[in-house]
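Which chain is which? They are A, B, C, D and E, in the order written, and residues in each are numbered from 1.
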Amino acid sequence: MMDTKLNSELPLKPSRLSFYLLLLALFVIVFVSALYIEADPLTFVQNSSNMLDLIARMLPPDWSYIVTTTPAMLDTIRMALLGTTMGMIFSIPVMFLCARNVFKSKWLVETSRIALNILRTIPDLLLAAIFAAILGFSPLAGIVALSIFSIGIIAKLSFEAIENIDNGPLESMDAVGANKLQWIAFGVVPQVLPHFVSYVLYTFEINIRAAAILGLVGAGGIGLFYNRALGFFAYDQVLALILYTLIVVIIIDLISLKIREKLL
Amino acid sequence: MKSTDSLKRERLIRRAKYSLLFIILAALYTWAFASLEFRGLLDTAWPVTKNIINGFISPDLSYIYNPQGEDLIRGLLETLAIAIVGVVLSVILAVPIGLWAAKNLSKYSLISHGGKGTLSFFRTLPDIILALLFIKVVGPGAYAGMLALGIGAIGMLGKLYAEEVEAMDPGPVESIVSVGGNKLEQLAFGVIPQVLPGFISATLYRFEINMRSAATLGVIGAGGIGTPLIFAIQGRSWDRVGIILIGIVVVVLIVDLISSALRKRIV
Amino acid sequence: MIELKDVSKVYPNGVKGLEDINLTINEGEFVAIVGLSGAGKSTLLRSINRLVDISSGDIKINNQSITSASGKSLRLMRRDIGMIFQSFNLVKRSSVLRNVLSGRVAYNNTFRTIFNLFPQKDVNLALKALERVNILEKAYTRSSELSGGQQQRVSIARTLAQEAKVILADEPTASLDPVTTKQVMDDLKKINKEDNVTVVINLHFVDLAKEYSTRIIGLRAGKVVFDGPAKDATDEVFQEIYGRSLKDDELLGDEIE
Amino acid sequence: MIELKDVSKVYPNGVKGLEDINLTINEGEFVAIVGLSGAGKSTLLRSINRLVDISSGDIKINNQSITSASGKSLRLMRRDIGMIFQSFNLVKRSSVLRNVLSGRVAYNNTFRTIFNLFPQKDVNLALKALERVNILEKAYTRSSELSGGQQQRVSIARTLAQEAKVILADEPTASLDPVTTKQVMDDLKKINKEDNVTVVINLHFVDLAKEYSTRIIGLRAGKVVFDGPAKDATDEVFQEIYGRSLKDDELLGDEIE
Amino acid sequence: DDTNEGTTGTDEGTEETTEETNEEEANADTYVPESLIVQFVPSQNAETLEARAKPLEDLLQEQLGIDVTVNVSTNYNTVVEAMASGQIDIGFLPPNAYVQAHDEYGAAEVILQSQRFGVNEDGSPTEDLVDHYFSMIIARADSDIESLEDLKGKTIAFQDYTSSAGYVWPAGILLDNDIDPQTDVNPLTLQGHDAGVTAVLNGEADAAAIFQDARNVVVNDFPTVFEDTKVVALTEKIPNDTISVRPDMDDEWKTKIQQAFIEIGQSEEGLEIIRDIYSHEGYAESQDSNFDVVRDYAERIQGN
């Protein structure tokens, strides 16, 4: 008796066909792409020992290089700090303009998003060429280039975080009659702040690693030493640099963690 | 009154904390700014900017298609293929590491710190080193490019994944714990369904970055659009740079459209 | 005075939230809205301050149509209508005081509010509001560190600080314990009495509605099925508002469709 | 049978959640736990299935200590204890059926469950559970599309499908309308009666506690202040459980400290 | 002669080579290619950077009769590493990278050098085919820098230490004139010879060390660059880019490859292609000793 009732009331199981088709299509795309670029896992497995050759050349790291490169590392950090700060400031308006739940005008939001997309497509090489010509081969050009580069990352990650915030406080700001700026300051900002801070610190970290762009505008920094060590095939020095950067990155990560804990 | 006293004390403590923070930041920025000098706009500013803008206004259309190959279309297609396989590889590797690094999934913070450290390590590996490692294994070409991008993305994707997991609602996981589910079941029933949208958007973001990772691909001789772009910039052929960048933007926008249409159906 | 004329609301997915509502709520009333889950209580409340845009009809607050208001004038009208949300809608990461002060933004210059430079008068008002709901000492606490009942009281304080002439409260006592529930309801009654603030409140619990309100409005499937003084709301009336016998099989399923 | 012996819980921040609790709950009982917000009701419930690790004492389920259990044996013990959470704890984006099936994971091979390959027997069990709480037709709906009451019923169905011998329910009726509340309570009573399942339920509302339970336990500041048959719980008893007169100024503040 | 312990991965480099060694046990220590992979980095002193692989691929395939894959990279490390692991057979390497690869890894053996026309003072090409090029130091035309001595205390834009034309040779002539490139002048390290020219044009550097004649790279952006700058000094000859093979390459094949490239340079069709794409005018046989000068310079700079 139970079963007959089950059958009569049970809704039709929704067809998962389109979902499976989609999955299949994705799989086919990936598979075809892999074939196209001739990614044969077997070759990788067979030759993977070749990596050891390079790794062996890296060991042991040339610790003295850490001392040699410290001034450059400090330069990199200070340029990254300023570049990230500027990028952070510029990305604030951009991220709000790109968030669908902040600005209801589809036109405005979509235009901002496309603009952000284009901005992110400009390669660092090109940024370097432009700003070196405008501001000279100087740290300033590097900082400006880094800040443009940072806007792309911070704004992109942050506007997605904004779109995921709780709608409740936003409604309550509507209800008290707040204008847009107040609405953002009281409803949006406190909610995205932890994310925003963590993305800024993440970008800071990227900027320290994106040393190449600084080298390109003649601003020196750690990138120059990477190139030099590579140019002389001094992989032990390269490893020293990697470990040095790792230390800096881990420190930034710890700071980020602490701040997030405070804010979350 | 008891409450006003403690209120005052709280306010004082807050003020002291903020002042300290302010002093630290001020010192930091003073140090950073000390190295800067502004020399004004240089003579070269205008000619270069003008030429670059000109290049973008009149892009090198002849580069779009070339019957011999080595044109924009084929470069983009190959870059697309590299980016797709690369992102799949990094997802496969970054999901477990990301889950490992998420603080709220492990009982002891030491465990998640291990995951975070691993991710930091992957983030510090320079692209060029990855490129060298993989070129030694599989030779120059798209395959090595895919590997370098795929492994290079683990650090970033894992970090974004871990943060997504850390921000999720603990309730559903708790309910799986309460029915006696093991770790894997907690993940499958409590975590993954919640974080899936976040994972997907982080993955798409990374895919997009892969599309733009000209430098890595150029180093490796991957045959995508990376090498020509780098040469065009180094050779200051701005019209060529223009057409390549337009091509990349168009592909990224199309992929964006398709993926957001798909996402509406899956998520 | 709040007047609803032929108000209907059809949600984009076709659900009729409200149908032909005609109501007049006078200043100083304490109106309870009761009804089943999905009856349209929240929709009604949220239409009054236009958090929900109605599909047809008109809503006037003190003879001014909020339906056609926009920009600055809409903001000013909203300033005079406080709302207490079922889920509190506090910014959890902000301090209690900042949450309460956010009720004052529409009175102040944008720049000052953003940088938290509220006039001392406003800060005093906010502190007084907190005192009134008995959580003054939590002023600098993060809102996330409060218990549910305390959070609800913060949101009441926000409305108090707003110096609103109308308070809309959407199930303000759900998930509170009976002691706190009583406290919250007493607060609202006090404001209603002392400041002559109109209170419109959604309630799940019939006995609370009867105890506190002067007037009860029963909603069912988007329509008003009862409107009268609390004392007229007999058990039969509630039986009608809530539809069928409690043993009925499919109460929720129907409304969702 | 659930036995708590000298159970205390001190949270890392020093808050005493429970203090020296000694209780024995027999099979088939319907126990209501009442108390103020912050009294420790949730802590008590969550200690029983060890979602909260107690600081001292011991908890035994059918003579087996859950306090010292771990790994597989802990999971098996938990399998037999269903829990209904105040906030439902459904995965909103999963279908109703998958949420209910998640109650079956501990009975099945991990691999199968992950790929949703539940045996037909389990699927039938889940569907029957949904039928029992009257939302069978929502089986393939996304849980986010349900109203609050329906979500609560899904979480009850999950517990039913779990075939638990004990059900812990943490304020399962908060924010439900009276009709749905009655329905949920009736469901629990039915399971209690028909399947002889022990039910331990946190309730804010005294009248519900009195109506449904066979035994009431009153908590105050982490201690048991009343324990007896529902009929012995007079108004004075509740007055004691809830501490002071309802007009008292600082009810919540103290407990938080 | 140069096969030292550094040659790795030669035996199991690719599937094909594995088969091949099985078949020809006797020749186990030399490598007979069944297909060739060529990788090159367009040299810095190319004026057009139209780096395409396909045309060269076709030409070589025609000459050699086996499959040839040509691959373009932007970094010399990858070429050397790939050669060291037997992933590629032929690499185009600039002199300094060749010396490193040869001396430290034993990963490369030079067989050819590219030829170009010489360059006149005004940047135009000469008539003669040469296997070397020059580096030079330029300054603004209106500056008072006339000779190397005048550079003392001035800001000079160099490339990084690994660059022959951008640092090593110019530093060499400075040292010859008793000017220490690190202490007697104010060195500014830039990336890219075009950056050097730009830095001189906008006054950020008083002089720049560049290959002859990097001004052609920026002539689109600054049409008057040749009038606005002057050459202060020219360095000694720098050997042109090499074409190197992995050292275990079968001798017969070395010759075959040499011939193939030389013939490409001599045929009309081939010349057109290598000129357009790589700014090469032909290829000449070469040997390791041609690069002793590079070693000399490296030592002088290091010794300083």
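Miscellaneous remarks
What we mean here is this: contacts are C-beta pairs under 8 Å (C-beta built on N, C-alpha and C of every residue); 3 or more make two chains touch, one makes a residue touch a chain.
Bear in mind the structure is a predicted one, so any value in this text is a computation, not a measurement.
Counting steps between touching chains, the shortest path from subunit C to subunit E takes 2. Once subunit C is removed from consideration, the other chains connect through touching as one piece.
Looking at contact counts per chain pair, the maximum sits at A-B. For this pair, subunit A with subunit B, the centres built from the Cα atoms lie 4 Å apart.
Centre-to-centre spacing of subunit B and subunit C amounts to 44 Å, using the average Cα coordinate of each chain. The set of subunit C residues touching two or more other chains comprises 137. For subunit B, residues touching at least two other chains, in rising order: 42, 44, 47-48, 128, 132, 136-138, 141, 215, 230, 234, 236. Counting only residues that touch two or more partner chains, subunit E has 9, 14, 75, 77, 81, 84-85, 87, 192, 198, 202, 204. The touching residues of subunit D, counted against subunit B in their complex, run 49, 51, 74-83, 85, 87-94, 98, 102-106, 110, 113-114, 155, 158, 162. Against subunit D, in their complex, subunit B makes its touches with residues 171-172, 174-182, 184-185, 188-190, 193-194, 196-197, 267. For subunit A in complex with subunit B, the residues that touch the partner chain are 18-19, 22, 29-30, 32-34, 36-40, 43-44, 47-48, 50-51, 53-55, 75, 78-79, 81-82, 85, 114, 117-118, 120-126, 129-130, 133-136, 138-140, 143, 156-157, 160, 164, 195, 198, 202, 205, 209, 212, 226, 230, 238, 242, 245-246, 249-250, 253, 257, 264. Remark: subunit D residues 35-38, 86, 134-135, 137-138, 145-150, 171, 174-180, 182-183, 186, 204-206, 242-243, 246-247, 249-253, 255-256 touch subunit C in the complex.
Those residues of subunit A that touch subunit C in the shared complex are 168-169, 171-179, 181-182, 185-187, 190-191, 193-194, 263-264.
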